[in-house]
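Next come the structures, one after another.
Two complexes follow with chain A in common, the first pairing it with chain B and the second with chain C.
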Partner chain A sequence: MSEKSVQEMTAKELLAYYQAKLDEEARQAKANGKLVCWSASVAPPEMCVAMDIAMVYPETHAAGIGARKGAMDMLEVADRMGYSVDCCSYGRVNMGYMELLKEEAMTGKTPEALANSPAARVPLPDLVITCNNICNTLLKWYENLAAELNIPCIVIDVPFNHTMPVSEHAKEYIADEFRNAISQLEVICGRPFDYEKFHQVRRQTQRSIEQWNRIASMSRYKPSPLNGFDLFNYMALVVCARSRDYAEITFRKFADELEEKYKKGESAFKGAEQNRIAWEGIAVWPYLGHTFKTLKNQGTIMTGSAYPNMWDLTYDAEDESLHSMAEAYTRTYINTCLDNKVAVLRRIMEEGQCDGVLYHLNRSCKLMSFLNVETAERIQEKNGLPYVSFDGDQTDPRNFAPAQYDTRVQALGEMMEQAADGGQA
Partner chain B sequence: MEENIKALLEQFRAIAGDPRKAMADHLAETGKGAIGMMPIYAPEELVHATGYLPVGLWGGSRPVTKARTYLPPFACSVMQQVMELECEGAYDDLAAVVFSVPCDTLKCMSQKWKGTSPVLVFTHPQNRGLEAANRFLEREYAILKEKLEGITGVKITNAALERSIQIYNENRAAMREFSALAAQYPQVISAVDRHAVFKARLFMEKSRHTALVRALMEAVRAEEPQPWTGKKVVVTGILLEPNGLLELFDRLGLAIVADDLAQESRQIRVDVPDGDEAPLYRLARVWQNMYGCSVATDTKKQRGPMLMDMARKTGADAVVVAMMKFCDPEEWDYPIYYKQFEAQGVRSLMIEVDQESTSFEQLHTRLQSLVETL
Partner chain C sequence: MYTMGIDVGSASSKAVILRDGKEVVAGLAVQAGTGSSGPGRVLEEIAATSGLDLKDMAFILATGYGRTALPMADKQMSEITCHAKGVFFQDPSVRTIIDIGGQDVKAIALDDRGGIRQFYMNDKCAAGTGRFLEVMARVLEVPLEEMAEYHFRSKNPAQVSSTCTVFAESEVISLLSRGTAKEDIIAGVHFSVAAKACALAQRVGVRREVVLCGGAAKNGGVADAIEKELGAPLVVAQNPQLTGALGAALLAYEEMMRKERSA
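Right after this comes the complex of A and B.
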């Protein structure tokens, strides 16, 4: 595809184009003997990208498999490997996928479950990088990938911030880890680290994040030109390409489109916006359409979610101490104390002018579930807005019941209506 | 069995079963209260140096009812129990609770304490090979130390801390010795008793515990070890409770010849190193030296080889995996070491541990089948 056609593409087309391009680049890298790294979704890619390593993101990949209804095959493989159904379904889908790729590499034959999978084909990694800013499961999962494949594992540990703001000693430790990762990469790549490119990549990352935040901020308008569920889709690029211009180009285009829409007086729900909610937690990928439509059918638009907001990794790209970058990667709201978590969610609700909250009690994610009760109570105490919770899972379709979801969403709708009519929430 | 051994074991059982009395006795003797230590790892020496009694909070065996409001069913069994006890006010006499957060569940639990005691949280670094990690943890401990001083009104001097470190190192050494001795005398020290000796450790001032353990070991050694006609196992996991479950091991003639339980031997695996560095720094080094635990990041996955080594050295016939219900760090380790066991022909059985259990028929059947096939 030519450069010109990229300029002519809509944001939606760009999203699909660059996602496919990233997968293709990873496959090409593998074919040409270049290094491929599997990475946790909010691990810093800046160092690897500076060393021209092709990046693959198992969480995004697993979410894609889930959305294309292909999770069950992978979950069954993980089950046979001994993974309990209590383990994160992203992790299980990925371990299943890895096992099939490994089998293919060892036997030369493509296992049926892999051949029939709707998953985008990605190559096996030569190294992995993980970061626990969104959960410690990512430490266990990547330990296992490294052990199964006998490859190096780069760990960027960001200690849980039990007090906020982020402490100086945490920043010092994390910045030292970045420097350690750099020396690990020099050994793995067999060449000196490219500090100049590292600087450029940090700048690029900031340009991408700036555009990402521009999109998210569009939901402040009422009615909203942005359908919050679109963030779930565009998230793929903030995860997989924030250190490349692919993300910047796509997000800029999308933000421009939304601004244009707003100027023309158009909104996401075309005048049908009745009320607005915050969505707390990861999307239910196998039922993304259902979860969206149920809300839409009652005129409820999602205008705030702390989940895509986790990639607001704004930092000072000129700070050579790397403390600013360290701070950005550790302050993820679920890596902080409850006070801060509540403050972040409240701010998001205020910015999105939300009328209520929908909490996803996610069977796969303890960290994003076990504080839901306290978060909900504290937020309601402050803003008096109604909330409901539903049981779900990010990629294991067995842990979500559409009927329960519908009932809860309906109840939330009624409470929001009542509140709008001046009644009590 | 000699009367003395019986009496000593009875003493351990009594202490293990009644932490409240241990707290009351400590208060009566010293005028000082107790501080709760949440699982899994904390620099207990700091608390000890204040003269307060560190008390391990490892759940109980209550029916879970009140906790349901605050934790979904997929939270691990031990934290369901802790939450239930929090809700019941069982911990409210503690002057403070020290909280480490090496797993996602503990991170959340540290932010939702339902009791009245102040909660003192600190974080372990996970990039444990780095010197920067030691320095980070030393700083976390320094902050924790200040908070403890504020609450107890006791200044923790380096001299006091060194004394506590010595007492703890001696206790850990005594417990490692005890574990090895118990393996030689399964007829004398049952699985239930072995656990009681470890559990009493959670509620006793450590120099007293050491003295009592030494007395027990001396009494046991006075007897001739007898050949064991049953089978021998190594157990691994977070904990192996309640006693009803341990009784199955005794009934089926399964001697626990070594353990890799977070509540038991993982607590005594690593000593505070000697050296000229300040005690806080050396306390931090303990975490760097820790190994074979699911919440201490290890990209080399050495737990499997460690367990196989333990089994070989103790002549164990199998490894029993005591899988804490809904503990994902443990669940993530399992497929890796299971594969290593299979490759090396090491027998193993995974059983689910739920502290709330009162019926053990199914587990009995499973353990019995293991025994029959060994």
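Right after this comes the complex of A and C.
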């Protein structure tokens, strides 16, 4: 694919192109003896990218497998390994995938479940990097990967923010964690850290995030040119390529397209949007189409979600103390106190002019599910918007029932209609 | 003007015909739900009872799990809205509804105009539902309609603590094998259902009047256990299995009124 044709691509084409390119680059890196790192989705990639390490993101990879209906094959491998259905399904899909890659590497034969999988082919890692700023399961999951593969595991430890704003000593601690990771990388790579490249990568990350935030801000328009489910799709690049220009190019194109759409008076919906909701929680990847269409069929558009907003990692790239970067990587809303979480969600609902909220009680994500009950009550107390919750799972299709989802979503639609009619049932 | 509400659930199919949004002309239930002969049979039987045909209906509104599989319906709405409408029509003093259906148990809080303030439903689990009661009745070899009789004979209800239907079934089997009296096991089963329903009701906030509807409300033992568990008086809806279909028929009438106003 020539550079010229990249310039002619639509945002959707760019998304597919760069996703495939990232996977290919990781495979090439492996083939050429360069290092490959598997990384947690909100762990900082800046240090690894500065050291020219190819990055692979198991959460995004698992989500893709789920969306392509390939999760069950991986989950069955994880079942056989002994992982309970109560463990995170991203983790289980990834452990299953890793096991199959390992079997292939050890025997020279590709296991059938891997050969037939719709999963994008990614290579085994030479190191892993994880961070506890969005969940604690990521620590144990990555420790397991490192133990199974006998490879180094870099952990960026981030304290939980009981109070906001983030304290100076927390920022200093996290900046030290970054510096410690740099020292580990020097040992793993066997060469001095490239501080100049690190600076450039931080600048690039900020250019990508700026464009990402441009996209997210489009839902403030009414009718909205942005369908919130698109953020779930484009999220792949803010996770996997925010420190590369791939994300910046794609997001700029998409934001331009949305602005163009808005100027022409076009909305994300072909018909008129009846009401707007916030979606709290991770997508149900194996049923992404179903969850979207059920809402669409009743004229509901999703215009707010804090989940893609986790990658609003805006910081000062010129700050050599790394305090600003440290703050960005610790203020993710689920790593902060309930008051702040509620404030973040309320702001997202206000900006998206939402009429109701749909909470995903995600069996995989105990952290988000635990917080939803109190969060929902507090938010309703403040803004009075109706809400419902449904049981589901990010990648285990066995934990989601479409009919139950449909009933709850329809009831939410009826409650929003009731509120618009002045409260009469 | 006649309107029809049809409520096709997982275990039964119900229909109500309403004249001018006020008078119930006919209403009945068939114990077979979506995907079975139930929906067809309930339509045939209500036609025979009322002497009215589908073409006599100005508007048909469907609800329940099988609501989207009924080609004759003009509109589909959720059972939450339909139950709220039906129960409030019967008793405007209702503020909390507990509905126990075949695979759902839900609590709905209403405002003083009958609007839905909040609702919570069971998660993806059969505990506390009508299906749970059916499984227990089968294990105990007691017909469902006789469960209440056993319940009121119980002096010392057994503890059935499992939240999983399969585990609760083995718990009941082990109680049977230990020689625990059937009436005590049945009362224990009813209290287990009540605990699940009351947890949801307490979550929405219990405000009087509290009305019980859904197929399980026909079992006086369940109603008794819920009343004791809630510590508040419980009203069992009239024809409790039909309140969803009644609400659907009322909402069908409102649809016609809205159409007439906008015409």
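General remarks:
Operating definition for what follows: the second predicted complex is superposed on the first by the 422 of 425 C-alpha atoms of A that agree within 3 Å, B and C clash if a C-alpha of one lies under 4 Å from a C-alpha of the other, contacts with A are read in each partner's own complex, and residues count from 1 in each chain.
Heads up, the rule we're going with is that a contact is a pair of C-beta atoms (placed from the backbone, for glycine too) under 8 Å apart; a residue touches a chain by one contact, two chains touch by 3 or more.
Treat the numbers as computed from the prediction; the structure is a model and nothing was measured.
Applying the stated contact rule after C-alpha superposition, one finds that A:Ala411 touches chain C and leaves chain B untouched.
Judged by the touch definition given at the top, the superposed model places A:Leu361 against both chain B and chain C.
Of the two partner chains placed around the shared chain by superposition, chain B is the only one that A:Asp157 touches, whereas chain C remains out of contact.
The partner of chain A that touches more of its residues, comparing chain B with chain C, is B.
Of the two partner chains placed around the shared chain by superposition, neither chain B nor chain C is touched by A:Arg252.
In the superposition on chain A, A:His323 makes contact with neither chain B nor chain C. By the document's definition of touching, of the two partners only chain B reaches A:Leu338; chain C does not.
By the document's definition of touching, of the two partners only chain B reaches A:Glu172; chain C does not.
In the three-chain superposition model, chain A touches both chain B and chain C at residues 361. Across the complex, chain A meets chain B through its residues 81-84, 86-88, 91, 95, 132, 135-137, 139-144, 146-148, 152-153, 155-157, 159-162, 167, 169-170, 172-173, 176-177, 180, 337-338, 341, 361, 363, 366-367, 369-371, 373-374.
Those residues of chain B that touch chain A in the shared complex are 69-72, 74-75, 101-105, 107-112, 121-127, 130, 132-133, 135-136, 139-140, 294-295, 297-301, 323, 326, 328-329, 331-336, 338-339.
Put simply, chain A touches chain C in their complex at residues 361, 386, 388, 391, 399-401, 403-404, 406-408, 410-411, 414-415, 418, 423-425. Residues of chain C that touch chain A in their complex: 65, 68, 76-81, 84-85, 88, 104, 110-111, 113-116, 118-119, 121, 123-124.
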